[in-house]
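Encoded as structure tokens, here's the structure I'll be asking about.
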Amino acid sequence: MSDFEPKVVAFVCNWCTYAGADLTGTSRIKYASNVKIIRFPCTGRIDFMLLLKAFANGADGIIVSGCHPNDCHYTSGNFHAKRRWIMFKELMDFMGIDMNRITFSWVSAAEGARWADVVNSTVTRIRELGPYVSYKELVNKSVEEEVKND
Amino acid sequence: MTNLINRAKELLENGTVKVVIGYEAGPTGLARPAFITDPAKAGKLIYDDRCVQNLAVYLTKAEVKNLGKMAIVSTLPVMRSIMMLISEHQVMGDNIVVLGISTEKELLDIADIGVMKGYIEKCDLRNPEKDRETLAMLNALTPAERFAWWQKEMEKCIKCYACRQACPMCYCIRCTVEVNQPQWIPVQANPHGSTEWHILRAMHLAGRCISCGECGRACPVGIPCHLLTMQLADQVNNYFHVHAGTSDNMTSVLSTYEPNDKESFII
Amino acid sequence: MARIGVFVCHCGENISATVDCGKVAETIGKLKHVALSTEYKYMCSDPGQTLIKEAIKEHNLTGVVVSACSPRMHEPTFRKACAEGGLNPFLCEMANLREHCSWVHEKNELTTEKAIDIVRTQVEKVKLNSALQPIKVPVTKTAMVIGGGIAGIQSALDIANCGHKVIMIERSPSIGGHMSQLSETFPTLDCSQCILTPRMVEVAQHPNITLYTYAEVESVEGFIGNFKVKVRKKAKSLDEKACTGCGLCTTKCPQKKIPNEFEQGMGMRPAIYVPFPQAVPNRPVIDKEHCTYYLKGKCKICEIVCPTKAIRFDQPDEILELEIGAIVVATGFDIKHADFFPEYGYGRYKDIIDGLQFERLASASGPTSGAILRPSDGKVPKNIVFIACAGSRDPAKGIAYCSKICCMYTAKHAMLYKHKVHEGKAHVFYMDIRSGGKNYDEFVRRAIEEDHVNYIRGRVSTIFERDGKLFVKGVDTLLGAMPVEIEADMVVLATAGVANSGAEDLAQKLHVSYDSHKFFAEAHPKLKPVETNTAGIFLAGACQNPKDIPDSVSQASGAAVKVAALFSQSELTREPLVAVVNRTSPPLYSTCVACGMCKPVCPYQAIELEEFKARDGRVVKKAARINEGLCQGCGTCVAVCRSKSIDLLGYSNNQVYAEVVALLNDY
Amino acid sequence: MKTGIYPGCSLTGSARDYNESVFALAEAFGLELNQIPDWNCCGATAAHNLNKELSLALPARILAIAEKNGIDEIIVPCAACYSRLVVTQHELKKNPELKNRINEVIEMDYRGTSKILNVIEWIDKYIIPVVAEKTVKPFNYKVACYYGCLLVRPNKVLNYDRAEDPQTMDVVMTKIGAVPVDYPYKTECCGAGFSVSRTDIVSKLSGKIIEDAEYRGADAIIVACPMCHSNLDMRRPDINKYWATEYKIPVIFVTQAIGLAIGLSPEKVGLKRHFVDVKIS
């Protein structure tokens, strides 16, 4: 388990967190390389299904991050996202899907150091949780069934 | 019942409506939906304990809609469905006559949408009691136990989409599961595909589910999938203090916001 | 069949120092549909760009991935290069190997693997890109300048002189800003008002400039070239056309004991007042919070004495709705109030003042007509202490940054004092002297060497009063950290420059970013210091960070040029990354069912319901439609659409899905 | 809510007057104070100059005993002890590894659950809300509130009042009718532990503190630290000798002043134990 390298996907908005992560780079602050970023124009654009797709494709953890409330480049995308994530989280909890594997955060374009913190704390947490076996099994079981049926 | 039949007959006779959507007894004695266009056949209408289906699902069906103005036998969930459908521009309020049925199975005098709104406001809008008990039981489990519980249910799913067809709110002409660019939901009825389908369905009904439980009743393999949407209905009320289907101009919970919406998990 | 070209940039050694660029190019080259995968030292250089242009032709590329720095840095560069090479610019994507990989990770295999994942993701995305045509939108050639200090004035004049209309908004009753309060300016010691007031008058008289004072921005909608700004013109209780500015009302007003903001509370003013004699416009306003009539319903003396009957007590606030093409934010700064330093006794002891108060004392038009007198007893201070960095560079109690202007104005203050009180002694406590700038260090040396100002390198721990003297206890770090105690008659605190009140609120109305100190954020710290993250909104002056006058003026002219460049064309092209609702042939028309969920989420009111009619005029179908001129491409409607009938060009469902899959799976 | 008290060495020795006044107030206001059983030295300045682990282990043991006895909050009248206990809690909270190590050393399970209050916080919480109705002899004097160093520093750790120009004691004194003077020497150094080894330094520094209080017309200096008290009170003859003065201003613990205001006798609050006569009642 000690050589487990978690795969973490970050869904971030272009204007705050992506720019914040750029600032982490320009500030040469180091963080765990397990995280890979996908850029969206706004957190409002991030479809909840994409999170499930990330788990289904082998992600062990997810970060969703955008502008702080009131700071959205498009005024309100992050507020809509917030409601979406409230509902999503409640549903996932109810179905027993592990929400400890998802970090939701607000990281602004000026918070380069904070981005590194968010990444590192998420990676540390996922490392402790280990690989997301139950979702992977869900997918693998399905694949096995397919093979059997063929 | 006589009142209901008389009222239906009257509406059809004086041409107020072209069709009355209600229940009739089927050949095996079970209730089934009836679409009465001939006043002479109004006598077939029944209303008793057998009549549980949410008839509002037919309001958006072209075959029914195209007949003209509709009257519909409406219990509380049907009325709430109508409110949602008007709010979402799927039916027009003045195109529907509501034949309201009280919890005591009495015909209500619902003159217009405003009266219906007043009636709904006085009703208990929570989930049905037996479902509340199951929800409480599930919420008391650990996440791992809940996962196992639901996975056992999901294994049964045959992806027939009866849950979707039975739901008055699932009126899209193209459902996400029919989108294959990209293939959002795996087509197969397997643990993965079924789980994601039910997540998708519940999320799409967040803030819109009126707790009729029709999806669960319709499921041929007995998955209590209505508990998913009902849990979210509870949470919508918990977070945003809204019950779906209480007015004819509801704003959707997931397309509106308050700047001070409370949550505790975003860092 | 897609033919993708991948170009891996070393960025000198910025990327190649931690990422094995050769391995990245080689691995990616083996992917399906990758026609070319190569590496180069500087992709953004001319030969680098030529490499792309030639490859497009040679390999007949259908897509390009430049694996280099952040797309926020160079996406326009490479899209332009692709266009020049004959490829639609929107078929070019960037993989961010520098900011998101090489700069933030150590040199090892994992870092190179991550780089490969990042590039592969963009390859999969670009395969699904479609050729897009830029959207043309009209430009309203009227600029708005928010703030009437020296930066705003300079910007407004420059834009107006280019022949464009300018609307200037100032929230106080007069333009002029902090510069109008200053006595003399460093490093030349010329009188601030003498150089400023002609500019103020020019603004008022310029045919291209419309000036609204006592006005604030209420809301901003729209986008570059097409902003709709609502401005609240606060009621001045005055008919400005009827008023001649005779000033009779201000002399007769019975309320005379209101602390004068312009004098930094060191003088009094009436309730109907002109902030200062050279104010522009030179017309009074009634301060409703202190006016006897507004408070008690009786008085109206000003109305009685007014020879032209210009007073209007029932005047309402007016909301102006303005069409604006570009906005220059020049809202300036404020000084941090000194009472957060309790040990310095500001507020407790009358003879401890801040820098702006000293400016008023030293100003010929100030409360003492330029004589340096103690506020407590009106005596000339014989011994004066200036404390630089009162709050600046002090993360524990004040702010972490350097306020930049204090070293210079403190030297100026000490000099002005010495010029006026020849026998007096001036002491300056400082941390470092930061006097970079033309003739700046010479100026400070003059204060020390010619005017014999006593500079002490060290901080002050406490100030207290005894026997009518202020005891300043500090340390001299150049004399072996010896404690120093000075009995002063007066102390001047060079308090930190901070963001103006209301800056955060305004930033949110404008949708521009701001930093943790509430200063407005520039689009790039080096290369876009005048732009904000929001196209069409520019920054000038100290609203960005504390600045002196020459810096503010230069930046203001810079912002003006940006506006003029924007206004030089009648149409501007916008990135076509907009949301689209699908359309199919009848009878379906669209998979949209017109549930209307997307409408309220759109912040730009870009979504409407379109009706489709049969031949007989009957509405047979309704579906959402997005106005591409209004859509800004946030994509929130895409995520809420249940039937997936809306998609976002450039971030389509197919593309983002492919990115997720490609990021997590090796091929 | 179970309230404990940690007296420390001073309150059982040189500052018995302080101890008596604290318990007198507790009795008068019906407040329970449970002395932490088997308490040990807090380490004071000596320990943290020599050995970091020791300096944390000593207070950790005290806190662990308190936790074991179900004490939710601990009153620490001595400013030095207060500082050591709070610093320990702070250090061990931010460093779980160090906490484990200290737990090994003390062979107990310290968790950090007890809240530590200084004497002013205790007064603020339990006495100020009801002091008005109990006040029989308002303390109508001009007072110079002297905080010293350890009550308010290091500010980031204690998070109590402000390090420069603190106010809490001044506010407490106004509640019993006193008028605090504007006093710039509130946190100046009294000489502290040099009391024993370099009396001349104490005389010099404490002398300035007393001189300014007298200059500002104060009738008494109010303190909340045994060390400050002994330097300003017990070392008065040395101070007067050093400065060739005859300062007579009394030095009173904040608890003693409140005690007098609610009508307790000078004996009850330990005033008889002072070196400088307290001609205040």
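A, B, C and D are the chain letters, set down in written order, and residue numbers restart from 1 in every chain.
Just so it is clear, contacts are C-beta pairs under 8 Å (C-beta built on N, C-alpha and C of every residue); 3 or more make two chains touch, one makes a residue touch a chain.
Remember, it's a predicted structure, so these values are computed and weren't measured experimentally.
Give the chain pair, either B-C or A-B, that is connected by more C-beta contacts.
Between the chain pairs A-B and B-C, A-B carries more contacts.
Just grab the chain with the largest centre-to-centre distance to chain D, centres being mean Cα coordinates.
Chain centre farthest from chain D's centre: B.
For chain B versus chain C, what separation do you get between their C-alpha means, in angstrom?
Each chain's C-alpha centroid was found; their separation is 51 Å.
Just curious, how far off is chain D from chain B if you go by their C-alpha centres, in Å?
Comparing mean C-alpha positions, chain D is 69 Å from chain B.
What's the distance between the Cα centroids of chain A and chain B, rounded to whole Å?
From the centre of chain A to the centre of chain B is 33 Å.
Show the residues in chain A shared as contacts by 2 or more other chains, in ascending order.
Where chain A meets two or more other chains at a single residue, that happens at 48, 53, 70, 76, 80, 84.
Name the residues of chain B that each touch 2 or more other chains.
Within chain B, residues 176, 184, 254-256 contact more than one other chain.
For chain C, give me the residues that contact two or more of the other chains.
Counting only residues that touch two or more other chains, chain C contributes 601, 640, 653, 657.
Of all possible chain pairs, which ones touch?
Result of the pairwise touch check is A-B, A-C, B-C, C-D.
Name, in rising order, each residue of chain A that touches chain B in their complex.
48-49, 52-53, 56, 69-70, 76, 79-80, 82-99, 103-106, 118, 134, 138-139, 141-142, 145-146
Which of the residues in chain C end up touching chain B in this complex?
Chain C residues touching chain B: 588, 591, 593-601, 609, 622, 640, 642-645, 653-654, 657-658.
If we count contacts the way the header does, which residues on chain B are in touch with chain C in the complex?
88-90, 171-176, 179, 181-182, 184, 204, 251-252, 254-256
In the complex formed with chain A, which residues of chain C make contact?
70-73, 96, 98-101, 103-106, 110-111, 114, 117-118, 121, 508, 511, 513, 515-516, 521, 533-534, 577, 601, 603, 632-636, 638-640, 648, 651, 653, 656-657, 659-661, 663-665
Within their complex, state which residues of chain D touch chain C.
Going through chain D, the ones touching chain C are 156, 162, 164-165, 182, 184, 212, 215.
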